[in-house]
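There are two complexes below, and they share subunit A, which is joined by subunit B in the first and by subunit C in the second.
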Partner chain A sequence: MNCATVIGKTYSEFKHPSLKGYDFKILQLVNAETGEPEGKPFFAIDPLGVALDEFVAFEESFQATWAFEDHGIPVDCAITAIIDSLDRGDEKK
Partner chain B sequence: MIIGRVIGNLVSVVKDPSYEGFKLMVVREINTDGSFAHRSFISADLIGVGVGETVMVTNGTSSRATPETYEKPIDSVIIAKIDRLIFRDHEVDLKDIDPSL
Partner chain C sequence: MTLGIIIRELTCSVKDPKLNPSKLFLVRALDPDLSLRDEQFVALETGLGLGKGDIVLVVLGSGARKAEGNTDLPVDCAVTARVEDINIDNKYNLLK
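Right, the complex of A and B next:
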């Protein structure tokens, strides 16, 4: 699991039947310690309905399919939580 | 997941029996800035897309999560057709991407 910022979204009408009702968001990985963006943007499925610029946690690889009640969903990156605050020692982000 | 452009399809007579019924497509990866990545691969089509379309591709173990691909030698599947790619301040025009290398 890791944290990221939502930087964009995609429109997709025609998709696998198991993905009905969900859409894909574009995420930018954020270093949890420094708050700096890292690496290239990537795509994740959004079962929670997050908004643009929101700070989220996501799950990669096969575990991402477990974010759904029906596990037969072919996704390898899923948003699993909206982060309200992140404490690290004395500082707050 | 990554996005890519379907640039061709694959025909095979002698193949693993579990590939029966799957369309295998050649996909070239697209970066999120709308440029082509210099990487192409073969992906099994779960939804029925055509050459020239922009698609979302799942790689790895997750591609065997569906009943259609369960316990089959497949590690890349096409799961959706992408119509628009919208960022905070701009939209990437998917039609504008130059298909040549």
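Right, the complex of A and C next:
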């Protein structure tokens, strides 16, 4: 699990039948200590309906399928939580 | 999940029987701004009716097995969606 910022969204009509009703967001990994972006953006399925610029936690790899009640969903990255605040000692984001 | 573009359709006369109704595609990875990355994958496509030139999302790892339901498919890369539009910083990038 890791934290990232939502930097974009996608529109996709043709998709696997089990993915109907969900959309894909573009995430940018963020260093929780410094708030700096890290690495290249990537895609994640969004079962929560998060907004742009929101700070989220996501799950990667096979465990991402467990974010759904029916585990038979072909995903490898899913947004699992919206981070409201992050305690970094003296300051809060 | 990774964005990619289908660059080749693979024809395999001999393959695992479990893969049989599905197609295999060669997919080149893309960045969200649609520039090409160096990686490429052979990805399974399960009856979505996609073809060469389509911009797709590719699932890597064991989650790709779920593309055919809960079967034990020998697959670690699957095409799961065709992307029609990407929106970064409120700039729309219509693909089709």
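Assume the second predicted complex is superposed on the first by the 93 of 93 C-alpha atoms of A that agree within 3 Å, B and C clash if a C-alpha of one lies under 4 Å from a C-alpha of the other, contacts with A are read in each partner's own complex, and residues count from 1 in each chain.
Following the convention adopted for this analysis, contacts are C-beta pairs under 8 Å (C-beta built on N, C-alpha and C of every residue); 3 or more make two chains touch, one makes a residue touch a chain.
Since the structure is predicted, the reported quantities are computational estimates derived from the model, not experimental observations.
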item	value
When subunit B and subunit C are modelled together on subunit A, clash or fit	clash
Subunit B versus subunit C as contact partner of A:Ile7, first or second or both or neither	both
Common interface residues of subunit A - those touching subunit B in one complex and subunit C in the other	7-16, 18-19, 24, 26, 40-45, 52, 61-62, 64-65, 71-77
Residues of subunit A defined as touching subunit C within the complex	7-16, 18-19, 24, 26, 40-45, 52, 61-62, 64-65, 71-77
Partner subunit B, residues of subunit A touching it in the complex	7-16, 18-19, 24, 26, 40-45, 52-53, 61-62, 64-65, 71-77
Residues of subunit C touching subunit A in the complex	1-3, 31-32, 46, 48-50, 57, 59-67, 69-70, 78, 80-90
Touching residues on subunit B, where the partner in the complex is subunit A	1-3, 31-32, 46-47, 49, 56, 58-63, 65-67, 69-70, 77, 79-88
